[in-house]
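In structure tokens below, several structures.
Two complexes come next, and they have one chain in common, subunit A, joined by subunit B in the first and subunit C in the second.
Coming up: the complex of A and B.
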């Protein structure tokens, strides 16, 4: 609307007697910069391209997938959906359910652990505080595979491989979550409030649960989302831990389906429809959530 | 004040509380980080010795191997080839991804650019797409029968390269990483840009600086710390690439099962069954990550102290 309204309007010189540099009234409309806008839109289209493709490709029947033009919609979406749902008694939806379970429960537990640890690191002064924090941060650098092999062997010792717990437990502690928890707690919780709570005779737990948690809420949502995405996207750990495909999350399930597709190309349409359905929930989640939550929080930004 | 016991109990509570709050994280760290790392290091210094025919109980025992596993890991041609591949891949991914992330962040920060909130969401969107699924989507877009690129090249009468073999494979693989990672890095840099005080630009504008000059002379130097951070995370992610090549593999013959170092480790441990050699390779990889990380941290610290003393 404002984009084309005033292509020739230039920034008016400051009125006499006013201080330059101090904004007065509503911001003046500026000229649209065409080339930069084009670059940004091009970047956005590039990022949307595969998503647009999967939306179209999921509508194609088997024979259309390799014969019609890439972005020409096909006629088989309902059939593909039906085939996917009936494939091995609906195992796809089991994978989806598993992913929701791993990511939902895992992220919830992770948020609780991160909130506890972040709060402790931000609010208390105690021996070993920095040591604990630094040791935790080295965990961020740890390649997942150096953890995954011994985790698998240790889980095998404990007879836990090929169980839901083997995928869930190792992901509950997120070093980045603890880091975010500390940053948010330092920014959001005034020490005076904690002191005031103590003077009023509230116990430490009560101060945390009644005063700190409500103030930390936006940060906790961020940690939850971050960890939800991390677990939802995880592939290596379940790939190594699980053998029974009834326990697979979406990523491992689709991978095995794609692998079988090399010898049975008919499975490709299932993979594509499955990929679309796996992407939709997270995109929907982000679209809904960005109305009341800022992406910036993901990088540890806090309002000063 | 008339109840000293209660006060004493409270101060004891204040002292003990942080340890209580840290307990879950500490226990989980010990079980799922410290213990496995220790075990991996232990494994890397041991090997299996088979006595006699290797039959019966006690015929297989783990014995001290010293640096043997490390020596064979570092001279393993498959490992070295995978390391070289990942270096080549990283040399494309890191500069392109961070360059685009910086460019888009600067564009998002410019008032004269339209469609910013749409673009911000669209470019961030791939963050929500799992690496495996991103590889599936792009993998199909690379298949000659499906690919719009091949379609366009055919219409134009140009030769159609196999995107999933040889040299083009690096570009194809890098493209998936760039697509998936640009949005997150853009947000990190954009957040840093928005935290800068607006007065700085206003002053520069009054002095007659163009938007481009402001971006180059003021904005970029001021977001160097977040560029270092994104660089850091990108390098780590590059060294650990696994999901994407693993997923593309069934679609082509151009990707060996030891394409990346992590695939090599996975292959040794779970296909070859040699967990000791795999552990040594994994430890080497972890050490390389640490060495790079600390080198980067040192460089960036020197930079920031210089900036502060200026």
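Coming up: the complex of A and C.
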């Protein structure tokens, strides 16, 4: 994934490993890079401006929110934080905990399932493999939104609605995760290596856990992150499944602050502060886990 | 390809088996018998803030019926959620429901008729409010909780500054808007908001419109009746001539317009003080409230905007206990006082509207000490409303069509928009399988 680093206009010092003898040339702006850079800057602004808005707006007190200049920081951040924490005896932090549980456990379980399924689909030949895979693929095309209500009705049959399991179970099998798992396993695990393991007397489980999983690690991290973000942002499934507000994740919880009926003003400052805090764990997770992406273990294990 | 067939067959069988297994799991779980021992446990989906504290008062006094409030987000999404839960028979025992959502819930079999359980309660509410919970029939599907009679809110100081008088008729209202434009071209009396179908419905209600009526087996949609046409022409005309603004309400820009005095009046409901507190914090104490302008001098009618009820669901296994709680919540003086204090609602029960809980004017209107005395007078004059099973569809159509009309700023566009809303609503009823008069 390191290949994604974009070319910069700034002339870098000759990196170690540049071919000796090739002249590096004078610092000369490369015309071709201008347009992509401009596009990327625009894209970055497009993504970052709303975040900046949230950051600034979270510092504004009630009476500053809509009256002062949009990007002028306000004076109420500490108050907002205090109000959010004391709102209904700190239910916000219960929601935060629920979100961490749903996203963390859900992403972990779905990564495990995706690893098993992806590995099996990539390595073993068995009857129905392609059919199974194709059915899974149609699942990728299916937006989770349209599945929420049927899933609710199924959960109701099993008497599981309004429980933590009702939110976790539908997320365990992620078609996209299985798809990624298979693609990645096919690319990363050479059959020769699996066979070499078998020749050396390793069992299938041992081959999977000791040889395949380390090689799959970057792919699994990707699946984990994808799922974590997807569940963290998920709204409709928990909205439909859960009635008890003590089990709500943050998305659904904050929604109840916004919609308190016509006679009640929306608690904008609390929602904005809550939304800002909700992004923090995601950013932290990305910073921590990102480095696993460049892991390219054993990429030279087999000569080809 | 025999192999493929066999494979697909096996897969199909597996899917079928799975489905059967799931069905089997849940088949006999319908009646968990908690009838015998222990207190009756009720769950209550509500969105009003502080409802859990009000329920706690009940729980302390009624150890045999314990109510758990599960706070939800209000709006059409909640209606969908209640209907979905009702389909799976997993609904709560009680729900808070806006009046205009009741027909939708009733036609989806989500609510129970609690008529026998709530006998004698009717006289505690204004007829125009009560009628919304019976849908005009003999059954009672909910108890009124709060109501939102429409009123006229205006900036007292700016009215004085520009030499305006508070309009008592809609004609005078139009003149006031024009007079203000002449004196201060940058200011507007108010705005026509295409985002707020509820307000438009309330204004039509005041004029005598009946949007949905039910006769025999047939729904009749009167969204383009004479009364509504009158209201549409009036507001459309004001927008077309530029006498008022055409921007939607409840946006940051609107907040700013109120806060800076760009708009100096607001046709709203009794709960406006709460909204103004956040929308226009800088103008606290400068507003005053008056009755809604009338169509004919000397008339006395208003519409309503917002307001909700407490309903018992058809899923509840403890209908009687749930109805008992609903009666207490909406008629007991202690409960109503708590609702006013904790949830900030304007109670529908007439006795509560003049009770001690509402003796003091809202903080934002401290300059008008008789705020709630006046409000109670106005609430009595609420005209009856007539809701149907697809109010949400009509409201969405209103937003789309009147949004276009407000942008076009012509009277003709408004008239066209009204017809379009009516047609969309009728078509949807028809599509849903209701008998509907065309």
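As a working rule, the second predicted complex is superposed on the first by the 237 of 304 C-alpha atoms of A that agree within 3 Å, B and C clash if a C-alpha of one lies under 4 Å from a C-alpha of the other, contacts with A are read in each partner's own complex, and residues count from 1 in each chain.
One rule holds for everything that comes next: a residue touches a chain if its C-beta (ideal position, glycine included) is under 8 Å from a C-beta of that chain, and two chains touch if they have at least 3 such contacts.
Owing to the predicted nature of the structure, the values given are computational and were not obtained by experimental measurement.
Participant: Thinking of the overlay built on chain A, is A:229 touched by subunit B (first), by subunit C (second), by both, or by neither?
Facilitator: After superposition on chain A, A:229 lies in contact with subunit B alone.
Participant: Which partner chains sit in contact with A:196 here, subunit B, subunit C, both or neither? Use first/second/both/neither.
Facilitator: Neither: A:196 stays clear of subunit B and subunit C.
Participant: Which touches a greater number of subunit A residues, subunit B or subunit C?
Facilitator: Between subunit B and subunit C, the winner on subunit A residue contacts is B.
Participant: Quick one: classify A:66 as touching subunit B (first), subunit C (second), both or neither.
Facilitator: A:66 contacts both subunit B and subunit C.
Participant: In the superposed arrangement, which partner chain does A:285 touch: subunit B (first), subunit C (second), both, or neither?
Facilitator: first
Participant: Could you tell me if A:156 is touching subunit B, subunit C, both of them or neither one (first, second, both, neither)?
Facilitator: Touch partner of A:156: subunit C, not subunit B.
Participant: Quick check on the superposed pair: does A:39 touch subunit B, subunit C, both, or neither? Answer first, second, both or neither.
Facilitator: The first partner, subunit B, only.
Participant: Looking at the overlay, what does A:259 touch: subunit B (first), subunit C (second), both, or neither?
Facilitator: Once the two structures are laid over each other on A, A:259 reaches both partners.
Participant: Does subunit B (first) or subunit C (second) touch A:50, or do both, or does neither?
Facilitator: In the superposition, A:50 touches subunit B alone.
Participant: So, A:135: does it touch subunit B (first), subunit C (second), both, or neither?
Facilitator: A:135 contacts both subunit B and subunit C.
Participant: Once the complexes are superposed, what residues of subunit A are shared between the subunit B interface and the subunit C interface?
Facilitator: Of subunit A, residues 66-67, 132, 135, 149, 153-154, 240, 252, 255, 258-259, 261-262, 268 contact subunit B in one complex and subunit C in the other.
Participant: Enumerate the contact residues on subunit B facing subunit A in the complex.
Facilitator: Touch residues, subunit B against subunit A: 10, 13-15, 17-26, 28-29, 31-33, 35-37, 39-40, 43, 100, 103-104, 107-108, 110-116, 118-134, 136-141, 145-148, 151, 179, 182-184, 187-188, 190-192, 194-195, 199, 202-203, 206, 211, 226, 236, 239-240, 242-243, 246-247, 250-251, 262, 265-266, 269-270, 275, 278-279, 282-283, 285-286, 289-290, 293.
Participant: Give the list of subunit A residues in touch with subunit C in this complex.
Facilitator: 62-63, 66-67, 88, 127-128, 131-132, 135, 149, 152-154, 156-159, 161-162, 239-240, 243-245, 252, 255-256, 258-266, 268
Participant: Could you list, by residue number, the parts of subunit A that touch subunit B in their complex?
Facilitator: Answer in residue numbers: 3, 20-21, 27, 30-33, 36-37, 39-41, 43-51, 53-54, 57, 65-67, 69-71, 112-114, 116-117, 119-121, 123-124, 126, 129, 132, 135-136, 138-139, 141-147, 149-151, 153-154, 169-170, 172-173, 178, 198, 201, 203-205, 208, 229, 232-236, 240, 250-252, 254-255, 258-259, 261-262, 268, 271-272, 275, 278-279, 282-283, 285-287, 290, 295-296, 298-299, 301, 304.
Participant: Under the stated contact criterion, what part of subunit C meets subunit A in this complex?
Facilitator: Interface residues on the subunit C side: 3-4, 7-8, 10-11, 22-23, 25-27, 29, 43, 45, 47-49, 52, 70-75, 77, 81, 84-85, 87-90, 92, 98, 146, 148, 198, 252, 255-256, 259, 269, 271, 274-275, 277-279, 281-282, 305-308, 343-346.
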